[in-house]
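Next up: some structures, all given as structure tokens.
Paired with chain B in one complex and with chain C in the other, chain A is shared by the two complexes that follow.
== the complex of A and B ==
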């Protein structure tokens, strides 16, 4: 992470390579319920990052001796897909992935009411489909939404975003190129409701003043991100309501049809298989010859 | 470090009631360190080594230099890799097997302090660009765990690197490399140190012993270079911090780092 000046990451007007201002988040889109089998799930798109979070649990933990007598264990599994980066990522779990899984688990454990589910595990699977810098923070952001989607009681949502240093200045939410060419990176996990920091890491070179600037800009960014998380969760219920409310018809005036007739209506096929236009499906004589 | 080992409540209450009076179970002040001892060149066969003790915590660090190929994206840079083992020799709570999450975290946080401080000029470790570079393996073995492994590992790593000598080499006509008997010391540009502040309830302490380490809610390890800049930071465990608290810890830890560096330099001179 050498801070070389070979690429101009911010222009004179303070605009970055992707057109953002220094304290602006990348476009964020969070979708709830993307994995139907999971108890809760979320997909986050943040810049070019695409990450899926799926929650299973609380459920029984194996091996049992790892279970905690007084609370649930939170286990995150952060994994990068082999095709998520320019070079092929080896499918074997790296030390980096293990460390990230651990810091995300710790951060989530600070808000989940784990004491409600003693001796169980809450598993959070995080699959990075495309990586563009800041995957650990985007993963944590998606994970906390997925936990909320699973209906797991929490003291608050965690919003997570990184700040970094470019030309010695604090910049919010670095994308891939900025992350590599900039001179520092400070991922933050923050719960706006509780004003608590539960994930904090850093690499690069920061003066104490620069560190403070980055911390402040990241907290502000996390607060913005929190609103998007809330909207995504609300959207889920807006969608459900729309689904339920639209086909409201006055039931009394409709003449009741015989219930026996209904099963006769064949469900509309989703996949239309087009049959060949030849009208006669009868086998021709030529076909017969071939069989013989 | 991940799952907490159970410490009995009486002991925890005792630690807390003492902290309330700004005292600790072994009589130290809240930021008081135990005695630090560093012994270098402990292992002859390693290119560099050191045994560090802080109180009863003991870690041995060895550096091996191996010729290898550079990463394709940095063909003119040597490579540093770190590994840590929390061997069962050091504590009844450690188990044998592949590196635990705690070991991985210890290695990677220490790695960041060394790497991001640029205390070693990686370009000097290049022998033939794209073909041959020195790979420095910095490996830690915790021999006795009595708390504060992060600070000890970083001090030990810098002490081991400071005494590392790398063989001189000759490039032969066919492009292969011949190692010579003569060795030259690895150049260290400056000495980063890591300082960990542990939080127990609302109290902050430095250099915890094993029991304090176990009852702590969380910790923040910060790597500082000689110009008082932050080069690495890691918040560990499940506790949380208010933003102002973080800044307070940064400033306090910076002062501690200066004292630690003084200890390190004293033992190296």
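== the complex of A and C ==
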């Protein structure tokens, strides 16, 4: 991983090849519930990376002798599609894929409350559809969102991002070219709630100062990423709420006839225009109001 | 002094700080250093002296005494293996299946429950070391004939039933169907007409989708009665 000077990765103004600053994440988009068959799922798009995470379980483990008596086993299956990179990736499971599967499952096991489901397995499938550097960190980010979507109890989410060295400077979230040409790479998995590091790998030669810079910049990046994860998880439910609920109605358990009447009819037409859906909230009939 | 930080009925995610200080707490919460954090994606409920997080998704965990609907997946000589949609497969032993004593030499287990039968059953025992045991030898339990079976999130079953059964009774009345809800998220719907069954299923699916919102009973009532006109 020796950095060669053949490509100028950062210009004089500190702008990188893809136009980012040194401490800037790639544009991230996380969607949950993309795989309907799975118990929980997430899709992450981070720069050019596209990764799908699907969680099945907790479910029975076969062969049974691998089951743990006191907690659930977390099994990760990280796979890169043959078409995810420009040189066709061999479909055979590689040493690298096995390693990444292992580090991701170990990282997730540190936050999942596995002791709630003894003798079971939680399977996390990670399929890389398009790769552009930093897929292990993006996979871990998506996996923790998918686990939360599956309703699996956790102590907190893991946000994962890499930092690296380019021209002896700490740079956040390397993409493919920077990863190849840069002189070091430090993938980090971080749980902002617990302030715990659950994954830390290092490739290249770092001074202590450089290591600390990279770690700090990566933790900062992970905290930003966590906000995106949290929005992704809440979005689905707040959207449904906004669509069907009457705005600003203080919740009381008391019987009420009048306060429900006008506000219900008024805002509905506005909502209809904004979000056409198959299940349209119907304008309610005022005479049929009763207690909930 | 206890202090509740999260808003009542807020959507929370794993790791969200909910409250501090001594307070009674229920499901979906982990306690760490005297602080209470959510452990699941769910709906935060603050009931004054008691807080909990109702998960919005998740596998059904058996609880002794629960009524569940299961499917027979394996028939043994003196037992059945039943899929109840939980991480653990449930076992119904022949002694607990009928009120009569089961004699393995003369009686045929297949005559009682055959492969693929849908049964209404009760969880007799379950703990983290052993798989759940079922019983069907109580009144009202046993094979369900006809009808349709749907699966929703187990955590939304209380919403489908409603406070003191208001929701489920309303759907039964308005759609003229028989409905049996299993705590494991399986719901059996039986009506004289197919349209009635579909209507009820449509209502239940909508409850599942909007389970975390308020004023749901009114909306479901409007939805069913509007279509009938």
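Operating definition for what follows: the second predicted complex is superposed on the first by the 241 of 292 C-alpha atoms of A that agree within 3 Å, B and C clash if a C-alpha of one lies under 4 Å from a C-alpha of the other, contacts with A are read in each partner's own complex, and residues count from 1 in each chain.
Everything below uses one rule, namely that a contact is a pair of C-beta atoms (placed from the backbone, for glycine too) under 8 Å apart; a residue touches a chain by one contact, two chains touch by 3 or more.
Please read all numbers here as calculations on a predicted model, not as lab measurements.
Undergrad: Once the two complexes are aligned on chain A, which partner has more residues of chain A within touching range, chain B or chain C?
TA: Chain A has more residues touched by C than by the other partner.
Undergrad: So in the superposed three-chain picture, is A:191 touching just chain B, just chain C, both, or none of them (first/second/both/neither)?
TA: both
Undergrad: Taking the superposition as given, does A:153 touch the first partner, chain B, the second, chain C, both, or neither?
TA: A:153 contacts chain C only, not chain B.
Undergrad: Touch test for A:238: chain B only (first), chain C only (second), both, or neither?
TA: It touches chain C, and chain B stays clear.
Undergrad: Of the two partner chains, chain B (first) and chain C (second), which one does A:95 touch, if any: first, second, both, or neither?
TA: First partner only, chain B.
Undergrad: What is the contact status of A:212 with respect to chain B (first) and chain C (second): first, second, both, or neither?
TA: It touches chain B, and chain C stays clear.
Undergrad: Where does A:64 make contact in the superposed view: on chain B (first), on chain C (second), on both, or on neither?
TA: neither
Undergrad: Let me test your reading of the model: by the given contact rule, A:204 touches which partner, first (chain B), second (chain C), both or neither?
TA: first
Undergrad: I'd like to check the shared interface: which positions of chain A are touched by both chain B and chain C across the two complexes?
TA: Of chain A, residues 191, 194 contact chain B in one complex and chain C in the other.
Undergrad: Okay, in this complex, where on chain B does chain A touch?
TA: Residues of chain B touching chain A: 2-3, 99, 101, 104-105, 107-108, 112, 115-118, 220, 225, 228-243, 246-247, 250-251, 254.
Undergrad: Would you mind writing out the residues of chain C in touch with chain A in their complex?
TA: 8-9, 11, 13-16, 28, 30, 32, 37, 39-41, 55-59, 61, 87-89, 128-129, 155, 163, 166, 206, 209-210, 212-219, 221-223, 225-226
Undergrad: Help me check something: in the complex, which residues belonging to chain A touch chain C?
TA: 39-40, 57-60, 69, 111, 113, 116-120, 148-157, 191-194, 230, 233-234, 237-238, 240-241, 244-246, 249, 251, 260, 279, 281-282, 284-285, 288-290, 292
Undergrad: Would you mind writing out the residues of chain A in touch with chain B in their complex?
TA: Contact set of chain A toward chain B: 1, 66, 68, 73, 95-96, 98-99, 101-103, 106, 109-110, 186, 191, 194-208, 211-212, 215-216, 219.
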